[in-house]
Amino acid sequence: MTLRILLGVLLTLVIVAALGLPMVQHPQHWYEFPSIPGLEEKARIIFFHVPTAWLSVMAFITSMIYGIRYLRRKDPMDDLTSASAAGLGLLFCVLATVTGAIWAKFNWGSYWNWDPRETSIFVLLLIYGAYFSLRAAVEVEEKRATLSSVYSIIAAVTVPFFVFIMPRIMTGLHPGAKGDPDGAGPVIEFKMSLNMRVVFFSSLIAFTLLFLWMLSLRVRTARLEYHHQPKG
Amino acid sequence: MALRLVTHGLRKAFNRRIVFENIDTSVSEGETLLIAGRNGSGKSTLVKILCDVLSPSQGSVDITGAGPLNAFTRKALFGLVSPYLQLYDEFSAMENLQLAAALRGLHGDARIHEELLARVALDPKRADPVHGFSSGMKQRLKYALALAHHPRILILDEPMSNLDADGMTIVRGIMTEQRTRGILVVATNDLSDIDVHERKVDLNVRA
Amino acid sequence: MSVRETTTLRWIRASLAVFLKDWRSELRTRYAMSALVMFVVTTISIILFSLGGEGASPEVLAGMLWVVIFFAAMSGLSRTFVMEEERGTGMTLQLLTPPGAVFAGKLLFNLVLGAGLTLLTVVLYAFFINGFIVRTLSIFLLTIALGSVGLAAASTIIAAIIARANTKGTLYPVLSFPILLPLLMTVINATRLASDGAPLGEAAGEFQILISYIVVVITVSTLLFEYIWKD
Amino acid sequence: MDFLAQHQLYIVLIIAVGIWFGLYIYLFRLDGRLKKLERDMHREQH
């Protein structure tokens, strides 16, 4: 209960700080963000866009882990968790894609540029889509659980290959990609002042908590449904 | 130590619909287990679980007295005749027998295969592709396939289906012989199929 | 010692039996082959018509080659499992032989089918599509070889999944595409390097990715196949 | 009005906070209702 209230307060603070704190050329006070030439106010997306993208990956991994657990123990609850995580993953994946695309239109001039990170999120969307098409196609529960667990594991082992493939094939627009004039590095290092970092990591934590809460709600709903269905 | 097939608390459910549960039974060498039950009572499901082509939702099937078992020797214990066991019908009867032996990781012995086909009165058709066979002939070929590796546990699901009087006589002979050298399991709803049984699982009781 | 040896022998014999059964059955029924050949011929002729005598850049043509191969594979490589499921012989196989042998045999069959399909596509493509040039043959041949192995490896396990899902192949491309995308992107890039005449060393990274992809996919498939195969 | 036109960001902020509150209240109530259902279910079983 306390955790839930803490989450409520934390995310409210994050939203207010991320959108409310002023951006100035030369920050003098702790509450002022530095303004990055060429980005200005548009830089604020990082507080929301990155956490959603992070969650779509987290959900994908969660789904795979529960898939493995299902195969080992054959407990239907593991499959419910796996599917619930995938459902949330799809939601956050769509959010990350849409927010990213709108932002890209304003900053890079077009909604979609096939930059490495855009391609990766597209692949993730495809995998989620395939996962749910597979689930929809199988009627027997045990079979559906087994097949979709296996699929999520296979998908999860092939996705990391993109990390090696992307830089060989395309130059990126996202910070930290090959061709960034300020040098390559993880996205988090990207020209963030201390106060931005605090807000950014608080946002990551808050979104992760939100994900866990939503996941537990979904799993509990699914469990109730599962026990409520007549056995016959 | 004599061969023994034991089931512990078998339960099978599809989509949470329970087919059967708490099946505890055992059968030893020289005995016959009868699985009785009307259509849809789960006879075939139980048979599939016994010969390890379907996993139970709960419980286990244990085999004792068969020595150490690996992926192949475990499968080699069982011979199965059943309506849902399909043959490769682009191949001939002999080819099916050879294929089955090779799939078990064995060298097929053509002479034994010919003898078997003679026993089920299929030897004139040994080189014909199976898709031209009548359903009774296919049933006979399934007997040849089930017996080719001298299984210690012979499981017959609806043993007499599609057979004529001659075929039934052959099958009765096979059942008598199996009783002397191993375990016989028969699943049927026609009790006239089988005259001796020491153990019985009645799936009607539950329903 | 001798027990172990015979067990290994039995594995080899059983896997080969699965492969040979599929192979002889294929020769008798032409179940997958005719569809594959027709698919390749049709797709290449459509590309010819749409180019209409005009050339396209080598980059585009390198990509198109793999489009043909991918979709042809999607039309044929699932047959080996779908056929068992359609005819109900899956249970016969389960009764007779361990899952590992089934997977090894089916994988071998798909490797052969995949290699044949890639070879056919490449020959027809090189013959009919004018602008398609390969300057570094070594890169091209390695790419073709590794690409067809990777394609067969990934599509075999997906084929096993869709055969169990009773969807008769409609889901096959949907499930395969995200899994095959890393492979496709790499082989397309490598083919492009071959067209550009890059030295062999330049494609070393691509080959590393392809080889590790093949190793990972085959290992994971082998571990997971048993769960799919047994109900 | 003039203030808002100059500070469009505050409108965005208000909308964002509004959406978050809406979601939060929804999740909170869902949580409560689930708890009640779970209690009922538990009692049924025992």
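As written, the chains take the letters A, B, C and D, and residue 1 is the first residue of each chain.
Going forward, a residue touches a chain if its C-beta (ideal position, glycine included) is under 8 Å from a C-beta of that chain, and two chains touch if they have at least 3 such contacts.
The shown structure was predicted, so the numbers you read here are calculated from the model rather than taken from an experiment.
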Notebook entry, point to check: So which has more C-beta pairs touching, A-D or A-C?
Noted result: A-C
Check: Chain with the smallest distance from its CA centroid to the overall CA centroid?
Finding: C
Check: Approximately how many whole Å separate the CA-defined centres of chain B and chain D?
Finding: 61
Note to self: Please tell me the distance, in whole Å, between the geometric centres of chain C and chain D computed from their C-alpha atoms.
What the structure shows: 49
Margin query: Report the inter-centroid distance (CA atoms only) between chain A and chain C in whole Å.
Written below: 32
Check: chain A to chain D: how many Å between their CA centres?
Finding: 20
Note to self: Two-or-more-chain contact residues of chain C, please, as numbers and ranges.
What the structure shows: 231
Check: Can you list the residues of chain B that touch 2 or more other chains?
Finding: none
Notebook entry, point to check: Using the touch rule from the top of the page, what pairs of chains touch, sorted by label?
Noted result: A-B, A-C, A-D, B-C
Margin query: Quick check on the complex: what are the chain B residues that touch chain A?
Written below: 14-18, 57
Checklist line | Parts of chain C lying in touch with chain B, wherever the complex brings them together | finding: 7, 9-11, 13-14, 16-18, 20-21, 24-25, 28-29, 87-89, 91-98, 100-101, 230-231
Margin query: Which residues of chain B touch chain C once you look at their complex with the stated criterion?
Written below: 48, 51, 53-55, 70-72, 75, 78, 80, 84-91, 99-100, 102-107
Check: Across the complex, what residues on chain A touch chain B?
Finding: 74, 139-142, 229, 231-232
Check: Which residues, counting only chain A, touch chain C once they are in their complex?
Finding: 71, 123, 126-127, 129-130, 133-134, 137-138, 142-143, 146-147, 149-151, 153-155, 157-159, 161-162, 164-165, 168-169
